[in-house]
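Following this line, the structures themselves.
In the two complexes below, chain A is the common chain; its partner is chain B in one and chain C in the other.
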Partner chain A sequence: MKAEEEQLVGRSPGQLMWIRFKRDRTGVISASVVIFFFLIGLLAPVVSWLYGKNPYTVYADERPELFDSAGVPVQPNGGISGEFWFGLEPGNGYDVFTKLLYGIRTSLGIAVAVTLATVLTGIILGVTAGYLGGKADYWISRVIDFLLAFPAQLFFIASMPVVVSLFVSPRDETPVYVRVVALILVMWFLGWMSLGRILRGTTLALREREFIEAAKVSGAPPGRIIRKEILPNVVTPILVQSTYMLPNFVTAEAGLSFLGVGIVEPTPDWGQMFSKASTELVMQNDITYMFFPGISMIIFVVAFNLLGDSVRDAFDPKTAR
Partner chain B sequence: MTEDLVLPAPRDAVTDAPGEPLLEVEKLVKHFPVKGGFPIRRTVGQVQAVDGIDLTVHVGESFGLVGESGCGKSTTGRLITKLLEPTRGRISYRGKDITRATRRELAPIRSEIQMIFQDPYASLNPRQTVGKIISGPMEINGLQPDGGREKRVRELLEIVGLNPEHYNRFPHEFSGGQRQRIGVARALALEPKLIVADEPVSALDVSIQAQVVNLLQKVQQELGIAFLFIAHDLAVVRHFSQRVAVMYLGKVIEVGDRDSIYTRPRHPYTHALLSAVPEVNITGEEAAQRERIRLAGDVPSPISPPSGCRFRTRCWKAQDKCASEEPPLVQLSGNHTGHLTACHFPEDPTIEARDEDIVLDPALAALEEGAEDD
Partner chain C sequence: MSKGGRHTYAAISVLAAGALVLTGCSEGGSKGGGDDKKQQENAERQQSAIKFGDAAASKGPAAEVPGAKSGGTISVLARDSYAHLDPAQIYVQDEMSVSQLLHRGLTGYKATSNDGSKHEVVGDLATDSGTTTDGGKTWKFTLKDGIKFQDGSAITSADVRHTFERQFAAFINQGPPYIQQWLADTPGTDYRKLLPDGPFKGKHLPDSTLETPDEKTVLFKFKNPHPDLPYALAMTGYAVVSQKGDTKEKYDKAPVVTGPYKIQEFKSGKSMVLVKNENWDPATDPLRHQYVDRFNITFNQQYEDSTKALLADSGTDRTGVSFSNQVDAGNLSKVLNDPKMKSRTVSGFQPYVGQVNINMSHAEMKDLKVRQAIAYALPVTPFVRAYGGTDAMEVAGGIISPTVSGYDPSFDPYGKKKKPAGDPAKAKKLLEEAGKTGLKLTFGYINTPEGQQYSTAMAAGLEKAGFDVQRQEIPAETFYDQVSKLDNNYDIFHTAWGADWPSASTVIPPLYDGRVIAEGAQNYSQVNDPKVNSEIDRINKITDPVKAAAEWETLDKYLLTKVVNVVPTAYYKQVQIAGSKIGGLVYDDIIAGVDARRLFVK
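Let's turn to the complex of A and B:
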């Protein structure tokens, strides 16, 4: 009897998607890689505690015997040793391993925050435009068109100092959190439109479906229709789009930090490590330094994009790529 | 399946005596604006989807609404269920004017007017289980049946001929006919007094059509629910409805009880429609020959309908009067009570073969001419 009951429980579209996803080997592997990166970011303090170092210690002062007069690690390959797994940074002599862990933590944290903010904005504006139609739809769509016409990278670079100066006077020292908030704000401002547009289209199509009319006939208020009938049906595009958006935000954030308008020393950051790697001192004396942030970011972005493709395939098995 | 299942009696069946008007529609008009022009968009025309119709559906009655595609029957159904706002006219339910009622004002009678949709693949939310779909309306209207909503949903599933164990399944696991049964169960969940069925079987397989129509008929008779049955299939309507209205281009052109419409029609369009129903004569016996009318052309555009009688452009009896004067919907001499026709030059009340077939389609006429010459 028990077994019979279990057999009759239907599989939801979400469960079917999960079953399809589990069969996709690329998807499962890239998902584990992505999860691994998020775990590193989350557990960075724990790992560095076990490892016994932190990314702020200036080893050039603490252990001057490891560096030559120019501040370059004496040992080959940037001072990689049993003690400093990924070597030491020329100049200040930060530990590269913990710096990378914390850098991943900062970059992923910012990217996740931007993704959440853009998804929320995209849902609110996109679903509103699609469901209400008419004037609301017209104006929200025009705003989307207007913002899409902005050159994003240029806008980020130009507006970052402006946004930062909104919070603190240029003469004072800028706290780290202000830079983080400014980065999130700037990327959110130009990040939500693509999802908003997709959700508007999907909602527009859903609104004409008969099950929405059925809900109206039974007297459902608009809030309930949006929550119970429309939102569960737009989960697919939201999930697929956010898995594409998140790695983009990671690279965008890294790009800004590389250009010097994002996170600055001594706060560890993925992109800022590239910036460090391209300075004359590091370029000429320690080419291995570039290796660690570079390889890890390539692996992360490729894995996340493959995951995005797999998620899309799992949700939407009929469309060819 | 569930042929001998006894249906529970409706809650307050005593309050309604059959024959009393339940839903009255007067001079109902729905025009959709056509926007165009550049750079300033403005209304350049009106699609006159429904243009002044009168209908009355009595308590417990099944009322059929037939007509060609695009004649406004679905719009009428959507107006009555308040999915569309009427342009003009009056809809009253049990004497209460609901034409301009807001969602809140409508709340007390919402549960009494329900709808069954045409496309069973679009009318069920793919992300909800069958249980959720059917209990949704009860939740919205705060209905708390004895024994809980889940028990009631299982009962409803049984009434519509589905396994109550399907409670936790999702719509994609069902066939079209089963999905339509779920749609019927959802409409029944609120114990309605009137169900607007908008072409409920036209998306289904012919073999399944009969099952669903029989289910609807069982529900209609045993629960005493009034039906507004919208369809273009005359045979289905004949099987299901006690009274029938024929629509053409936004107007009701003939209305009456089933027998009057099907055996003693007066309007030329009704004659043409009936004559277009294919006839299967398996036994080879010579049944009573039916008249043969083949119309030509399409329904005129509802943006600029013909003046006077709207059917005159395709009618073989049209005269000058038809273009200048719109025929009123009245009871013609020799008709039964309640059999109303809107025509200046009505046909004889019979569907038997006449001396000469009326073939207005020039291509078909030429073909038949050629066949006779050979």
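Let's turn to the complex of A and C:
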């Protein structure tokens, strides 16, 4: 009988987390779903090039035989066919398949940008407040309190047109990038506070720990302490928080476009597809249309939230849910 | 009247994604459009010009509606409460529509067919539609015998005089301005100087303008010929007001009526009850009937609400109707494809004509080839689609609509009827000839769901011809204010205009006379063409309405082929429904809605 050759291996917390995560089947499945969504978002131009259509063609004018005079597809189920896989949009007759691909691309792109911006702001302000304490902490905390008191949804709706009009000359159409930048700015402005607060609290607790004291005594400058001692210890809350924040931003962006203040036609957008689906024309004549943005968004949001849970479990297995 | 762009729609909160997918598969769209025969009928029914009827045609009572029965109560669903009941303040369609039951004027439109398509102007309170011997400068009307107000007092020429004199008072500010302007012989609002306080301080119009030699005779005396007077007098705005019962501002809530029904109760914003007026004598009235005992009107019924209630057809909605609400765009194909609804559905034209204005004050737009390129490239299908398809909009050829005398259904200068999606190839060639390929075109669109939808597709069509379209949203509340500014940024924008009576004299002069260009005026395209201006003056003097109509149509053709300052998009139509117990349901082209006078309960 051979002696057991099992050795004790030294593993970093990251490796431990990865091992635990791989054992979590829900986590892995939702991670692949999320990756799939990001991939089709990234590859939307390639897919639609292969598919041979784009989301801007007004098929109701190009192929009038497929529509009645009100722009409702004549074929059942919104004109789903071998040529138009997901059918055609009632109204102007955009191709639903490419529109959804590009809509996912727009929405995810904006959500990722907002998440990055808010995480960065949250880290900078939260860790600064927590580490410096005193006056800086007081003022940053008051700013956070102040911004948290803002009614976010109302603020978005009211400020979007103002922000957009800051950038545009009166003779030109509002370019898409302006709307995108405005959306990112507006959501970033009111999106970073919760993460900032969590990081402030964590940093405040870490600051009093022995290893920080030791670093201070050995003469390490504050920048180095923050980068080398504090940041590695707040990675967990950052990762967990951002996996919760991203789907929130996706739905918030969709909400704004649904209300008509975000991305507008003809630029494809997830939320705008919802607002189209809720019109009386689509409700009465082509309910199938709702399935595509609806189901895809449910799958995405559920998968991303499950992923967030799994990430948290993997980092911190002791906490009971 | 201009078509208001005001759409109030509440911002709906974000629906949970889940709620949206818990629904079944759809059966697919309605059957494709193109009903050739129907199109032709529609065109035919509009061909006949509206004539001025003689004394025989003006005699009451009105011809019986086939199968009509007396009695019963009709419940009426209305969207907006009536803001005005004083006839002089009435200038919007829904108030005009209910006024057919309440107010009478010197003249009126008599339906000469049972489908509401053919009309003639006849005397209503007057014995005929008016006589003139000098080409429309002097008009003589004689009042009928036995005409009374609801309080039983006789209607005399003094009441008619009072009716027109009070139009000059400052508190009358919502109604049509035509006859006041003609009497004062000035355009704009300067007419009030003729009689600043109206008749209320003892002053009256001189006999040289308005003469009432005896109790029965009224003479209008204008400085310039106004052959359209019988049409203008048929507007509710000029219906007769009781001199004795005039309470000035308060008259707006409780008028002394002359029609077959009187107001029993009016709760502004809630409801209104109309009951029979015993002092109305059918023998004097060639236009109206009094079949129903009561009309119960309830307000605040949106198009979706009234459509759903009348479709359900239960309880009081079985005898329900809406004078002015149309079937909403979303339910339109459902209503039209249901064979059971066929007998309960009527449809017809509204007076509005949609048109894309090309801003002639901009340097780039002064090139005729560019304007022609826009006219060829512009797809009108997006506009038709956005409002519910060919049942709601008919692709337009000219700017004279089917509801106006002189309409020529074969006129189609840019091939929109054959190629409603535009002709980008031809447009591209014209734009190349002009050397303006890639020209920037600022397109101001009304920020409503419909406006967003059609403007994106129109932009896509124009871009195929080589334009660089810049879409700009304009808030719906201020749309007409913005585009009627003389110095605006928009190269093209869409407006709609409706005739006040079936003559192009209420369309072409206000929209295309270069001399009326002013801040806030309706010459949206800012066109100033000397030939158009002189033709307007010439045709306005023609006394024969049929001949004038033909001349207006010629001018329409000149405008669209030689000037090209607008591109017509569509003639507005609407579909209305009623409960199953409603009889005599007819769409009247002049009222632009259900004819309330003919209704009875089956």
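Throughout what follows, the second predicted complex is superposed on the first by the 308 of 321 C-alpha atoms of A that agree within 3 Å, B and C clash if a C-alpha of one lies under 4 Å from a C-alpha of the other, contacts with A are read in each partner's own complex, and residues count from 1 in each chain.
Everything below uses one rule, namely that contacts are C-beta pairs under 8 Å (C-beta built on N, C-alpha and C of every residue); 3 or more make two chains touch, one makes a residue touch a chain.
What you are looking at is a predicted structure, and each value in this text was computed from that prediction instead of being measured.
Trainee: With both structures fitted on chain A, tell me whether chain B or chain C touches more of chain A's residues.
Mentor: Higher number of touched chain A residues: C.
Trainee: Contact-wise, after the overlay, does A:P151 reach chain B, chain C, both or neither (first, second, both, neither)?
Mentor: neither
Trainee: Could you look at A:S69 and tell me whether it touches chain B, chain C, both or neither (first, second, both, neither)?
Mentor: A:S69 sits against chain C, while chain B stays out of touch.
Trainee: Regarding the shared-chain residue A:F258, is it in contact with chain B (first), chain C (second), both, or neither?
Mentor: second
Trainee: Between chain B (first) and chain C (second), which, if any, makes contact with A:G78: first, second, both or neither?
Mentor: second
Trainee: Have a look at where A:V301 lands relative to chain B and chain C in the superposition and call it first, second, both or neither.
Mentor: After superposition on chain A, A:V301 lies in contact with chain C alone.
Trainee: So, does A:G219 touch the first partner chain B, the second partner chain C, both, or neither?
Mentor: first
Trainee: First (chain B), second (chain C), both or neither: which does A:P45 touch?
Mentor: Neither partner.
Trainee: Examine A:E229 and indicate which partner it touches, taking first as chain B and second as chain C; both and neither are also allowed.
Mentor: first
Trainee: Go through chain A and flag every residue that touches chain B in one model and chain C in the other.
Mentor: Residues common to the chain A contacts of chain C and of chain B do not exist here, since the sets are disjoint.
Trainee: Which bits of chain C are touching chain A when the two form their complex?
Mentor: 11-12, 14-15, 17-18, 20-21, 23-34, 304, 328-334, 379, 381-382, 384-386, 388-392, 421-422, 440, 442, 449, 452-453, 456-457, 460-461, 469-472, 489
Trainee: Which part of chain A faces chain B closely enough to touch in the complex?
Mentor: Contact set of chain A toward chain B: 5, 8-14, 209-211, 213-221, 224, 228-229, 232-233, 235.
Trainee: Would you pull the chain B residues touching chain A in the complex into a rising list?
Mentor: Going through chain B, the ones touching chain A are 78, 81-83, 103, 106-107, 110-111, 113-115, 117-119, 122-130, 136-137, 140-141, 165-166, 168-170, 172-173, 183, 186, 190.
Trainee: In the complex of these two chains, what residues of chain A are touching chain C?
Mentor: Against chain C, chain A makes touches at 56-58, 60-62, 64-65, 67-79, 90-92, 157, 170-174, 251, 254-255, 258-260, 264-266, 274, 277-281, 283-291, 293-295, 297-298, 301.
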